[in-house]
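In order of appearance the chains are A, B, C, D, E and F, and numbering begins at 1 in each one.
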């Protein structure tokens, strides 16, 4: 592109388009987060018990602060990585990834007592 | 002994000095004066002016590249971070860690003001073209109107490094002069009634929104305009460090040790490009004039779009906040406040002006991306 | 105009994006979520995930090497510090300045637990070999079991830089998952009686011992295993700065400005190696699985050796502190404390577990030295 | 220069000359600054009023701190840059630069109300 | 198995170690002891000694340059900042930000003492010449008498990098030994009456003077002696950051994060040049002896010139402040105070000695400029 | 070495050997430092007097803090460097170094009043 007027038009338009798309998303933010907040409240329900366990070890409680407070979704990392890679390397793409994440969730159960790696290993052995 | 004395004097810089260098030393002292005594963006102007001073001391070799088996000068090595485009994005990382985007998230429409103010980039771009500059120079000159130091330096270092000196000096000087440049334009373009508009209080912004915002902006801008990624991505990574609540260490270093160190290096290097032979030519004069024109166009663009929003919303938007869209954070937002409070001392526009103000940073980065992808 | 629009869309990243890149963007967002909302080693995982995000935005050129007379992308230059092996030792300098080796000096035998946990490196090394990986990849995969980010990155950058992405992500993710991975293994391998053992209080460690320790370790490891010098030497120099009492300035900078800056650079660079074409292949899946296996082996190795020490000492050592030998400082030591306190809430194992915990860092660095000297 | 004694003499002399010139200047400092101080007092006279204006916007006064407190010399930057460049690029050198700076000053006047760029643009159009 | 064991031992450093390396390890431990336990300039001596220790561990490869497709060692890369002359000026930036030149501005005549003490550079220069050193080595040896670490390292890295180790160690060690070296010379050269002189109180120095001073010194020295610009310019830029009152951020980073980081890098790199083959030869012995001679000459030069000023002013100048002209800030000024207070405990010379003390830094930088321009 | 089992054995053994040697040394630490502590007490005896001298200069006492508090071993640096270099460059190695350090100590005497450089120079003149 060597026509300066063309560049000006493209440039101004791009700036407006980019920032306008941003506006559209940002306008949706309040609603999106209202939904997320509700969901969060639900998923946070089982937490208190585990927190209590940690609290009982009173004297070094502050030092143990970084221990995870909820194990319900802690496997999601492995699940997602696994799913992503499986999706890309296998023949069936895209959709598989998302399905698999959903599939993984119910399997989790007890958190602390169900070793995550069992499932992962099974997947890798395949 | 006589021979020795003449030889000794020959090794001093006095003999080798040209009139141009003397003039540049005077200019750098004036810049130092303005930075220190008048408070013109001193964090940048002091290093820039000192770099200029050092580079114009004859025969010091401080900007010399390595030659044969002789190592280069200090500023030659510091300058590599400018040349390779490393400093500006990393400075943006620190700026991101210092920026609060909440006013923008609360009032997304202010992004339009940040977009409109980018006319301050594209109109001078055309003007420079008709003054006979080549397209790359036009892009570098236009970007002064972005009113954003790192963006201007990043774009110029990639399009036309020869112009780094005058463009950086113009950009930072006019950013300091924003309180002088903007008010007359703002008053000329608005009616008293418009300037008296009071705006509704902004809603609160949740922590989750603040965290999602930088990620989302990076994805959006990154996909729309890949060339803007180094600037926008760094700005947003810094902002993410600020907002997560679990990366305070990184945010703290980004907005102190890292940005300060690189500001020194960037300032001195950029200043050093203003050597007499490069700086003292008629082009520099035109660039300085065009830079002022750019700031004026940006201000006018923002204010005019502010008027449009005033009409569209039936008088809910005060057009004075439009001028803040040029970025020059946070000076331009303060100018909106000052001009507004002259009409009505109880009208607080500052927070409303911060939205367009930070939007202007994003807008300029997008415009920079366009210029880089089109002209490079 | 039509032509222009199609041309414009062609310059955006939307068209160029592959399914792989889209997937990687999703993965990086998930990693950001885990780092920020779930607190998974956020100081590393946030930069890594953001680097991944940036690298998978199509056409941004942010990881491109210089070409002809075009400069390279920002992350290309940041990555040089990984490629040349500069960041990891300097990060170790900061970690050394943050580490208190007193619990180890007070109870030297805990070094054996730190040694035993290195089975987490060598068993997966063999496993990877029989899964068909070449020896250098095996070494890089095994080192995940060291549970030490900088060590893993240093070794991988020298043996198999192509694997940096998955290996760094696996290492840091599993370090964050240690509180999930270790407890079931610890419980399965120990009896209730063993878990109830209370250990004798540790003796006090004098300032002189703290100062001599890093010098002595550097000399010893440096002579035994020269390839471990960059890691061990840097770790110990940092620790020396911490302990002398006369180099506080250096210790302070090493554990703040320096380590934070390099953590940002390292994280973003390492994340950027996880491009779709490199990351999305069956090997990554195997590496992630082997990484988990490695952490489990390390935990088991430490606990089993803890049991041996329990028998040898006639029940004076609680085998639960063995699992802390994997390093992952200080999370693994906290896990020992938590698991122990589940049996007896008044039993404080934390300080006893810190010995094997920091021993694990030294142990992994030694193992890294072996792998580097044997495989390079 | 390869004679060590010569180097020694040159070196010692240079150090003494350089530091002696510095002394001469430093001895003039107290007088120089006494003059500057008097001047400063004069030029600072009109300031209070503007400060008052800023103060009236009370609530955000602290945030507006960086607004320039005096506009009398704020144009000097542009004037000097302009002059410097004009001096170097035009045929008449040195003296022109200084003359022009002097010339610019009286034009300033109202500060806030006289747009600086008007003059600059005129210069560049020439 | 036997074969394996012998092979294993072969990969350890024990076998490869030479007697020279063993000796150097002992020397580095002694230096560590002196730095840590005796407080000999620990901020520099600890990194230097540790760098020495690391470089003399056989086969670690930590100082190896890159070869074929193998990357170099950590210290090889850190050393580039010394080789290219980058660290010393940037360290001077931090020193400038830490230095208060007010005592010098208040009493400009003390510059003469700072000039006279540079005899400590030029007399040993001649002495070294007659001991058979080549001119470049003579310059590097003489600069030890400047009693200024970064200056000594900067000059040596440009004139004779092979001598970096012994020269840096000599410079920093003798700077720590100043309280031992100077008093006997000071007493021998002065009468009791001279040592009892009380000096008039210094005038106050205005903020404007403090700001103008660094700019003016840069211009003056820069024009008189271009080769001194990297050192003097950086020192003065740091001082300008300190004094402006509007660049505190930059001053703060220059005197903490930046200088500390570079001190670590500089110390370790410089120490690493003291490998056994380079360090252990008769020249090193001569350099160490000449270094002590240099400090003594500098002290004597300053004191003798102080006596001249005593006579000229009719007894208003206490010659004891002359010894502070060697720089070694602020130790040498303290020595003047201590020796003076031994004669009269109520006589406070410290502030008067700070003038020559900081003048000595400028004087050495000028002398360094002469040596660099004449010998390079 | 290309046999993975061999690498595993070597690696594991090296880790254990290295850390075991470390244990042996660390076990000796308490005894070593008990001895050092006793020695330190002895050598620190003559200190108080010098500290007193420094204290008398009361007003700037804090600023003079970095002055060396004991001069008894301050020459060790030069002695050791000298010895080390002499040892390596001379024909008689190792033992000379250590002997010389020992030899140097008694010569020291008054500390402040006996210029160190006298001896050093004598050595270098040789």
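To be clear about the criterion, a residue touches a chain if its C-beta (ideal position, glycine included) is under 8 Å from a C-beta of that chain, and two chains touch if they have at least 3 such contacts.
Computed from a prediction, not measured in an experiment: that's the story for all the values here.
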> Farthest chain from chain B, comparing Cα centres?
Replying inline: F
> Looking at C-alpha means, what's the farthest chain from chain E?
Replying inline: A
>> Centroid from C-alpha atoms only, then distance chain A to chain E, rounded to Å. What do you get?
In response: 55
> When the centre of a chain is set as the mean of its C-alpha atoms, what distance in Å lies between chain B and chain C?
Replying inline: 40
>> Residues touching two or more other chains, restricted to chain F: which are they?
In response: 10, 14
> Residues of chain E touching 2+ other chains?
Replying inline: 39, 224-225, 256-257
> Where on chain D does chain E make contact in their complex?
Replying inline: 1-2, 4-5, 7-8, 10-12, 14-23, 25-27, 29-30, 33, 36-37
> Which residues of chain B touch chain E in the complex?
Replying inline: 11-14, 17, 25, 29, 32, 35-36, 39, 42-43, 46-47, 50, 53-54, 57-62, 70-74, 77-78, 256-257, 260-261, 263-264, 268
>> Under the definition above, what is the set of chain C residues touching chain E in their complex?
In response: 83-86, 89-90, 93, 158, 211, 215, 218-219, 222-227, 229-230, 233-234, 237, 240-241, 244-247, 249-250, 252-254, 256-258, 373, 376
>> So in the complex, the part of chain E that touches chain D is made up of which residues?
In response: 104-105, 108-109, 111-112, 114-115, 118-119, 121-123, 125-126, 129, 135, 138, 203, 206, 208-209, 212-213, 216-217, 220-221, 224-225, 359, 362-363, 366-367, 369-371, 374-375
